[in-house]
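Common to both upcoming complexes is subunit A, partnered first by subunit B, then by subunit C.
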Partner chain A sequence: MFRNTREGLALALPAAIFSTLLFLVPVGILLSEAFRGSAGGWSVQGYIDFFSEPLNRTVFLRTLKLGLLVAGTAAVIGYAAAFCIVNLGPKTRGKVFGMVVLPLMISPVARTYAWIVILGRTGIVNEAITGLGLSDTPLRLLFTETAVFLGLLQLFLPLMIISLVSAMENIPRDVIPAARVLGASWIEVFFKVILPLTKEGLVIGGTLVFTGALTAYITPAILGGSKVLMLETLLYQRVNVSNDFVSASVIAMILIVMSFSANLLLKRIATARS
Partner chain B sequence: MKTALPLLALAGTMASPALAADRTLTISVYSFAQDEYREALYDPFEEICGCELVVETGNSVERMAKIEANAADPVIDMAVISTQDALSLARKGLIQPLDSAKLSNVAKLYDSAKDPIGGNMAVGYTYYASSIVYRPDLVEIGSWGDLLGADLAGQVALPNVTTTQGPLTLMMLGKAQGHEDDFAPVISSIGDHADDIVTFFSRSSELVQLMNQQEVIAAPVGRFAWASFKNAGLPFAWAEPAEGQAGGMNVMILTKGNGNEDLAYEFMDYWLSTEVQTRIGERLIDSPANREAVLSDEAAENLTYGAEVIEALNILPAAEVLDKREAWVSQWNAEVIR
Partner chain C sequence: MRHLATWAILGLTLTFLIGPFLIIILAGASDTEYLAFPPQGLTLGWYFKVFTVESFRASFVLSMALAVFGTLAALLLGVPAAYALNRYDLPGAETLRTVVAAPIIVPGIIVGLALLRYMVVPTGVTVTAALFMAHTALVLPYAVRVVSSSMNNLRADMEEAAVLLGCTRLQAFLKVVLPNIRGGVLAAFILGFVTSFNQVPVSLFLSGPGVRTLPIDMLAYMEITFDPSVAALSALLAFMSLAIVFAAERLLGFSRYV
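The block that comes next holds the complex of A and B.
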């Protein structure tokens, strides 16, 4: 494509400089801080201290659980939505796809606050529950794991749908009808045809949703508060309340490792299937 | 000559800012009501001193971290912080004792504000009461113990133990439960009721929102936030519990070796003057620590004002907060946040 490798390098240089200066260097500094001992030198004491506290272990496991739940649920809903979208006519598909993308153009703060209107004691859900006589008193829905899960799912579901729609658009149109004609059930079509052919989309969508759910701050802070702490809200507390930058660096490092591990794991699963 | 005059004029305009910059005072203050403070305090002082005030804001942790990080060559000359933060900085040797001779208005302060952390390391400039804001149409509050009662289960919020209001709430709950000297059983009792508490908030602004959404109908809060509730559409009331009100004080400190002490003293003394303390009180920015400040009934009603109110406040010693906070937070994380 290029007359020589210099042209290619010249084009990649701005992005490489940007990534190095604004991502790799700060992450490198953070990484070194997270392994710095109190008496100087290198140490993993910060990690031992972090995981020896029961609260930190609970927060770590809760973050992992919610990240997996959000990514898993987004994949299930995303496949159904993406399958519908790619089978729509061109005009309707554009409109529906636009509706899927629309929430991404709204601030996460506004989107999260909408959940307060829905899940609050005087919100739509509680009005319906008490109105239908299902409960005498409003249920506590805010500041629960369910509220954080719903908020995160709504926040990141569009990323999964977009990734899966892109992947499904590349499936040859006659493959699925052929499988059906040859007697495959819809479940077999999904696991033996659609899933293998869209694995790249699932890896991208899964990574985006899982890492997004792990690192989101606004949604857990507003819908979970200090009762449903996640690693990101714990990190904020350690910096802004306790001035504990060592713990904060350790949490940041754990989040980075979790994000990279998720990506590697999904890639490994996708490769193993093929 | 034709060119000399404009050059002289130009030199004059360039010289003025340089002169003003010679007298610059950098202060570190709480973020709230900065527009009001600008009008009531900063602008009038700049006019009097012919100097420039550089105002740095942020939360306490950030501001303290900055003072600590620049200890060798202080960037901040003077700061206003809580008594426990002031004591923390004093123990680290980051602030200097105040020279009372240079603060003529200290004599006019309530006694507890004159030397609140000992060693003349700080001087109080404002008090705040802390009680329970609640919905009188939905619940009655007669004691701090009502916060953990059945009537408020599922509709009450408490301040996080890491906030200034947190230990004050523990102290008053302790009084209600008969554990005045030991907060451990108080924290355990909160842990027992953790499922009945909607959330543990870190800022009064969070609470204003929760109470306006009717998510919470009672919670402890500082009097400085009362105006936000009073002006809301819902009927909120300020409780007068049997155990009384908790309270605290914010103080002024001077960083060690900042080299700008004279101007800092000038500013601090101006802030503590009857004129400025009255003006700040009348505009409902902060409650006066100067006992000669006389406020209108309307302002007094909104603030922590008057000898009778201030002397009745249950104030938690800064040293106790500083010495025991780590143990409180550890127990809180284990039994309350879980």
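The block that comes next holds the complex of A and C.
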């Protein structure tokens, strides 16, 4: 540890100044825009107007609902997958884990585009449905909440699996067999042993998936379009179609508040652990 | 029986995660004029066509340049910051850390809009310059975090020894610290490159005539055309990312750092 504080600050400040000027200041001005009253001064009219419009309320609730649904489903699949991965032999475990992580490195546009191929009018699902004679005309599967849900789940599931695998690795090896020998059913083992011991991993994974789903743009844009708007796509529309910067600023504030609170929660857990 | 269940669960999960890429690869090879799966006949035509689309070429070059130079700039800012936060007892270190990490918490779309409204419009900075700065800011948190964690493993007394033996502080950094954190810096570069290259929301509002990053260009293209070329391009990009990550893993055990 060096004592020369001035030297240390000289090294750290360029990054901090850059981040402040390019980030905090412009974003701060943007957020303040919704609080500016039409006659000058401060007001929360922007927020009242925003939430009095039914479409905005629908989009807000839909975003929350999809975020929670994606996080919840990811937790269920994540527990099953992580439990299997942790019990694999060391070599296969590395390979399978690698395959779970891989998709994170690939462009979300590419990852989302695959769902157009799967769910589109001439995609696999529709070919199968018309081929089997279940329906004469192709079904509309794209631009539905289900499509957005599937796209988001595929995008963020790896984050949940990674968090749960590292949480489960810390469960002492004999604990689960011990519970079984003492007569616990698998359901009891899950709720009384695995869940309490992996709570942190679940919260970390859940927050990552939830904030990821809230702030994803590409997936709702490609798979939801203007039929299934989420907060991010609504923000884009408000700016590019209706030039409505007050609404944009309100949406920005909602998104930031939600992702900040999620991050605070994460930090609290991280400090509680250490 | 347990084995069967294990592999059934893992098989389904991996199919859900990886299957779509196999589908994209095949869909890009379809010989139909529209997107179709399963393809009726196979051709590599779309894979070649991608390279002849003028806008894709221009936006690929822009995305590459942003990813390379934005990440380098982030490292130039981030490595000294990581070093200072690790080695000095700074007043307000926690605040500094938060400020530098802020870009990761704020959703990208908001950053892009804020920069457009309050930097590009009032100061007349070009969109390209704004894109460059936005991508640098976006990668900065990763650079600081990854480099910090590899510096944590390096004992400070090695540098102190070098200084006692007559090195200047700069020489000690260049000859002792830098060679030891090389892996971390490279890992930060790769992570930053991939993040920047794949980034959409930040660049969404920061585009102008002839200035579009590749993912934005792909989004625009798929709104007007339904041919398999976007599938082909997606597959090519996926291969590119995989190649980079595999090479990194082979060369320096990338996953240790991320």
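Assume the second predicted complex is superposed on the first by the 227 of 274 C-alpha atoms of A that agree within 3 Å, B and C clash if a C-alpha of one lies under 4 Å from a C-alpha of the other, contacts with A are read in each partner's own complex, and residues count from 1 in each chain.
By definition in this document, contacts are C-beta pairs under 8 Å (C-beta built on N, C-alpha and C of every residue); 3 or more make two chains touch, one makes a residue touch a chain.
This is a predicted model, so every value here is computed, not measured.
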Contacts of A:194 with subunit B and subunit C, given as first, second, both or neither: neither
First, second, both or neither for A:209, with subunit B first and subunit C second: neither
Partner chain(s) touched by A:19 [first = subunit B, second = subunit C, both, neither]: second
Touched partner set for A:122, first subunit B, second subunit C, both or neither: both
Partner chain in contact with A:143 - subunit B first, subunit C second, else both or neither: first
Between subunit B and subunit C, more extensive residue contact with subunit A: C
Touched partner set for A:229, first subunit B, second subunit C, both or neither: first
Contacts of A:107 with subunit B and subunit C, given as first, second, both or neither: second
Which superposed partner A:243 touches (first subunit B, second subunit C, both, neither): first
Interface residues of subunit A shared between complexes with subunit B and subunit C: 116, 120, 122, 239
Touch list for subunit B against partner subunit A, complex: 59, 61-62, 64-65, 154-155, 160, 162-163, 194, 197-202, 206, 213-215, 329, 333-334, 337-338
Parts of subunit A lying in touch with subunit B, wherever the complex brings them together: 53-55, 58, 116, 120-122, 137, 140, 142-143, 225-227, 229, 237, 239-243
In the complex with subunit A, residue positions of subunit C that touch it: 6-7, 9-10, 13-14, 16-18, 20-21, 23-24, 27, 34-38, 77-78, 80-81, 83-85, 87-91, 96, 99-100, 102-103, 105-111, 113-115, 117-119, 133-134, 136-137, 140, 144, 156, 169, 194, 197-198, 200-201, 204-205, 215, 218-219, 222, 230-231, 234-235, 237-238, 241-242, 244-245, 255
For the subunit A and subunit C complex, residues of the former touching the latter: 1-5, 7-9, 11-12, 14-16, 18-20, 22-27, 29-30, 77, 80-81, 84-85, 87-88, 96, 98-103, 105-111, 113-118, 120, 122-124, 127, 153-154, 157-158, 161, 214-215, 217-218, 221-222, 232, 235-236, 239, 245, 248, 252, 255-256, 259-260, 263
